[in-house]
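Below is one structure; the comments refer to it alone.
Chain naming follows the written order as A, B, C, D and E, and within any one chain the residues start at number 1.
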């Protein structure tokens, strides 16, 4: 088991080192093979681990990183059901995306570098989810942030991309600050950052302290998982290559916050206020991002806001206490959102890099494979019954209703928004007539097999992924809840009785009605659209401009900080602080100049000064000393 | 009117002469007159020394005066030589003119 | 004896270098520094297998008064001596001979600085400490003033020199005050001073502490005594800037640990709250200033102040009630832990800032400018420089798995332990640090090239100078335990 | 009693002429007034029974030294007009300074207890006689007497070096 | 008092006789034009002989008996005598120079310096105020002449006149002080005055105190302490350079020796009655010249102000008269001797450098030091070390001097004064390092300067002493302890 785990962790590192250090000497194909196979090894190892892991998990220690008097950090990994689930998503989807990248990036000269970064990312992610302490999680946490930075800024010669990368990193850092504080507070209270102290019922801590710790940790999650108010980096992160968006900014990294909260569920359970807060933030984010997505024209931006929105749903799930549901939605979302992104990547690939849906239309004929798989993704996310998205979202909505009906209605509205913007995207991209240029028209082509294969695999997963936990209504069995039971204790009241069943049926029926209505309505709006306006006015304009949040942030934080920096530098530091030093020097030379004049060369004056000195001296001594 | 002379009177006299000497040093610009004022100071010291010496019946004070006179003579020789030298070069013995060295 | 040799060797070679031909000077300097490195490595060996008499140097100081340890390798100074002797060979290789005239004087003075720095960290006698403290200073003045860049190098150099001297002379008053109070015999060894210092009343200790603190604040430097620094760093030849920021700045922290924490414990305890507030203010203040600086080295200079301020904050967070001559005795484990973290971070920051400054120098050589606005897109077509820069940068912004993280994490934890709010405010620096360092990277390496070309990558020699530093940054982040055994 | 009056008379003479020395415009007059002051002081020496010094004062001081002064003044052909007068402010300050110095001296004297015994005129003690002084000078004070010769030598050299007009001008490189 | 009839013992008990003889020889040899080249040799032989005699008496000095009850060559006197003679030897080496050898009255020049030295020796060893007066006058009158030795130079004339007038004025004040002290204590003998002092330890009679203060003024003038320092910059600048070197070293040493001897042995009150005055004088002496010197452009004048500033440090010994070390030995004199050693050596190196530079460029402005490191790297290195020592950089004698002075101050509890002292040391860096800056950091063309052997000897000896004192101060200082 130790060996398998070691192999699992080392393989991406080896891939990273080979591609990073010798990538310039390798051919592109070889680089792709090395990069992908490293992840394949990890994936296989993960699968192997599934078998051998005991129910309560196992802590595997390799070596001690740092041992100080009151601080201990082991390179130890906690392999339990939760981390295995995460690792399989990471390595599995990660492998598919590596495969996809081999095709997508084949025209880029930085192929080896790209795979090196991806491998490093997978390594960091494994560290994040498999580490046995918050410190190791933080290692991975920051590591994925770095990889995100590197990959967003992969095409660094474009200044905007580089800016987006920096923005992502800094925003993540703000979250990390909260996480760090939370860790410090945790360390103060429990004397260790190892998960071993997280056994439910063993936590001796006041509610206030638990609230403080969990709120701080949640700040970290906000940053990493792009929640209000720290979400603005994620849409900008679409500057990176599309596989990166699929892997990092949809399937894995952004879900780290969910994982962290689920991992800490024992302490979150002690802090009801935080739970409420998490739910509120999650709901707000889901609605907010959903509305913004309504009028975006960039295919990746739509998907990005959709991701933010879906992450909001996950947090809503966590906040209402349905930890497993959150994890479940995390998983299904990883499937269909990766699928959507890869599909979008395929579309972009076909469109020669064009990302605006205003320029697309009627693509279903030219790239059928992409169309069908993309369609499955769309159906999953809008919740066509029995797709994975339907099942997981349904579960969250259920739990929300039990928590607070008002939250439920809002969340349901959010789901409707999802349907609207996804269908809009779908129609505008694949239906109607082609609105792009002639050259693009001629160039349209289906992607190669190593790109479409991952699409197909993910499409299958998007459909069947939900079956592991079909609602009881449809005679499903909560496999996931049981599987995660040793780690996660949900806080949702067990549903039973007629009323509940009625509600579920009502929800199901409502979903179908809404879906049919929305299909029809959006088809009417977008199905045969000849041209799509680039500019919107009124409320739509505000939404298209993302509520001007970036501008507000710039006005509230970025610009003031820059102004303060300039002020401190130019005025305070140069004029006042250094001015004091300067004045001291000036004073010395000034007094030098002044004192020089008493040395005026006149002997008479000298005599006078000496005599006065004698008089003063005698007077002082005779009057005060005797 | 006082019938007797105390040592105080000599001290008064000597110190007055001393202060007059200093006054001369302060208000005159002619180097020679200045030098004469300094001689006046020395003389006042001599007078005081002799007074103390006489009062205490100690010859040391008068011996000291003797040496002061010798030194004064030597000093005058050198001092006047310096003044003459300066006069040769500048045609002036005004100390106010000797102000090339300053600042 | 090793400790004595560590001072004598650079001193001897330094003076000899004055008299040799220019072309030999670099080789002699290199030989000397490598001998020193060998000595400290063997010192580490003896340290692990204790043989104290080989590490210490004693001297009959006054008749009938027995032996006194004058120099000692170990204790707080070991890590910094190690740092000094590790960095010197690298910067001697780094310093190109053909860009400076009279290179024999250059290297000679550099070796004198090495002797001074080694001495400061090993001295067990206050006067000796002071002598070495200044011995590093005069050569630095000459090196900056003679071989610096820019028109006003002499003025800049003098400002640095006078500022530092101002502090160290105040410290001299403090030192003499302690000596004077060390009993009738006026012994100057640390043991006597330690005992004398602990007999002072708290008021006395506070005043003397302030004298010492001013000196060390200037040396580190810390707000509001930092204004000499940025200009000096930019003006000095890069190798000297490296010595200043990587090693000389550490003298301040070392001095505070030695004199304020260890000797003037009572006074320090009283001053702690003020110092920590000042340090945290300085930390954020300089970090904010660094955000909009346009000079590459200025950013590094302010970042250096910022990092050292955090170290100062951590020092001020030490919770102590009494001190012993070797390792202070703290109320709880936190003290020793933080102390170790401080030493680790001093070492780590030295390495990282050295690497960053080297990179700054190479960029300057390649593009003939340090102005960030004239740079851009330098990563294009280069393989090693961006990697090296990135690794050093990550160390600087304390990313996990770099040595910078280990240090900053523990230091922030210590400050947080002292006070939640202060700790929280101090931690904002990790955001600001990311902002200015990434801006630095972005402006120079990323984006599009705006007219100022920089072609060609690092040479093989340059690669091999920076690789050890990069290795340390990574190894220090992954195996800090292994590094730690050499530092204590 | 007579001696007391003599003292006050001499004191008045001394101070009066001393002031004239200082305030007289013409250096030659100053010089002559100084000679008169010295005479007064010599008179005081006699009162104090220091005959030897009185004689030396007359011969060496009033005679030799003052003649030297006179010669120099004559040699340099100084007249009263060529001395610029100092400004009144300076004079005022100087007078205040000198006056307060005198006041301070007086204050110190008042504070000092010098004993009640008045001076005897003529002074009974014979220290000031040539015989006594000679004995002391050549026994106790023979060493300074020898050493003073060096001083005389120096002044000799000084007068020669500084006063002589050098034919061959070869100044050191200043 | 036994008057020794043994000629040999008169020659060997103290260096006065030998020096006087050689002075007279020089005077006469100077008259013979052909013997000009020999003058320096004769002078050096004489000084070396004097120096050897001084050193031979080193051990005896601990149990020295007074000579004619007028002079005592105790340890303090011997130390300062040795320093002064050695200094003069070094100054003579500096005069091994073409322009000096060509000058008129060279014999007198050397003879005057040696005679002045005799005055200095008398000043540092006096036991009777009469000897003090005679010593002061011998030294002063010789200095007046030395200052005006360059007769054709107006500045030299002016310097001589100023020095003479102000020096005579100070002599008058000195005499008044002596007279008042004599009048109250009834003696010129140091021991008896000391006995009188102890009698009135707390409340000395006012006139006695006035006498002491006048003596303080007179000596402050002689050592050029503010506010009685006005003569010093002008005279130092105007006088021929060798004379300036002589005045700022030998004369200053002698003046301090006498100053300290008088106040230490005669007026050593247990109360701190004249401390406040001294503190104010020291503070002024540190502040005024250091600040003024920052704006000077002439190296010679900088050295003059530096000399005044150093007088401030040296005057601190007056505040240490009661300090003893662990063996109960008084340490003030040793501190002063240590400081003087460093000061004198550094000063002579500086003056030697000035001499060479001035010879090459004809100016003593700082300008002429520009680019000196190119013209002669060794000279500039030596001068740098001397400047470092003056500025009090550790490992040099200057630092140790300042260290012991401030140490003494702090033992006396004068914290504020010591802080003023170190702050002014920082200010002093400005002008000391201006010289270094000119030499190394500024460019100027000029002919190479060649060092002749006597200069090399001087520099090497000087640097060795600077570092010997700087690194092993305790050994040196123990030698000086009384």
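What we mean here is this: contacts are C-beta pairs under 8 Å (C-beta built on N, C-alpha and C of every residue); 3 or more make two chains touch, one makes a residue touch a chain.
None of the values given here were measured: they were computed from a predicted structure.
Within the contact network of the assembly, the step distance from subunit D to subunit E comes to 1.
Looking at subunit C and subunit D, the chains in contact with each of them are A, E. Taken together, subunit A and subunit C share the touching chains E. When the C-beta contacts at A-B and at C-E are tallied, the pair with the greater total is C-E. With centres computed as the average of Cα coordinates, no chain lies farther from subunit D than A.
Chain centres defined as mean CA positions place C nearest to the mean of all protein CA atoms.
Centre-to-centre spacing of subunit A and subunit E amounts to 78 Å, using the average Cα coordinate of each chain.
A separation of 5 Å divides the Cα centre of subunit B from that of subunit D.
Computed from the mean C-alpha positions, the centre of subunit B lies at a distance of 65 Å from the centre of subunit C. Separating the centre of subunit B from that of subunit E, both taken as means of CA atoms, is a distance of 27 Å. Residue positions of subunit A with contacts to 2 or more other chains are 596, 599, 601, 603-604, 607-608, 611, 614, 618, 622, 626.
Residue positions 130, 134, 137, 141, 144-145, 148, 151-152, 155, 160-162, 165, 169, 173, 206-207, 209-210, 233-234, 430 of subunit E each touch two or more of the other chains.
In subunit D, the residues that reach two or more other chains under the touch definition are 86, 90, 94, 97-98, 101, 104-105, 107-109, 111, 114, 140-141, 144, 148, 151, 154-155, 158, 162. Chains touching one another, given as pairs, are A-B, A-C, A-D, A-E, B-D, B-E, C-E, D-E.
The part of subunit E that touches subunit D in the complex is made up of residues 1, 3, 16, 20, 23-24, 27, 67-71, 99-100, 102-105, 108, 111-112, 115-116, 118-119, 122, 128, 130-131, 134, 137-138, 141-142, 144-145, 148-153, 155-156, 160, 184, 205-210, 240-241, 358-359, 362. Listing the residues of subunit B that touch subunit A in their complex gives 22, 25-26, 29, 95-96, 98-103. Residue ranges on subunit A touching subunit B, taken from their complex, read 596-597, 599-604, 607-608, 611. Subunit B makes touch with subunit E in their complex at residues 11, 18, 21, 25, 31, 34-35, 38, 41-42, 44-45, 48-49, 51-52, 56, 58, 60-61, 63-64, 67-68, 71, 74-75, 78-79, 82-83, 85-86, 89-90, 95, 98-102.
Taken in their complex, subunit E has these residues touching subunit A: 161-162, 165-166, 169, 173, 203-204, 206, 209-210, 213-214, 216-217, 221, 227-228, 230-231, 233-234, 273-274, 276-277, 288, 291-295, 427, 430.
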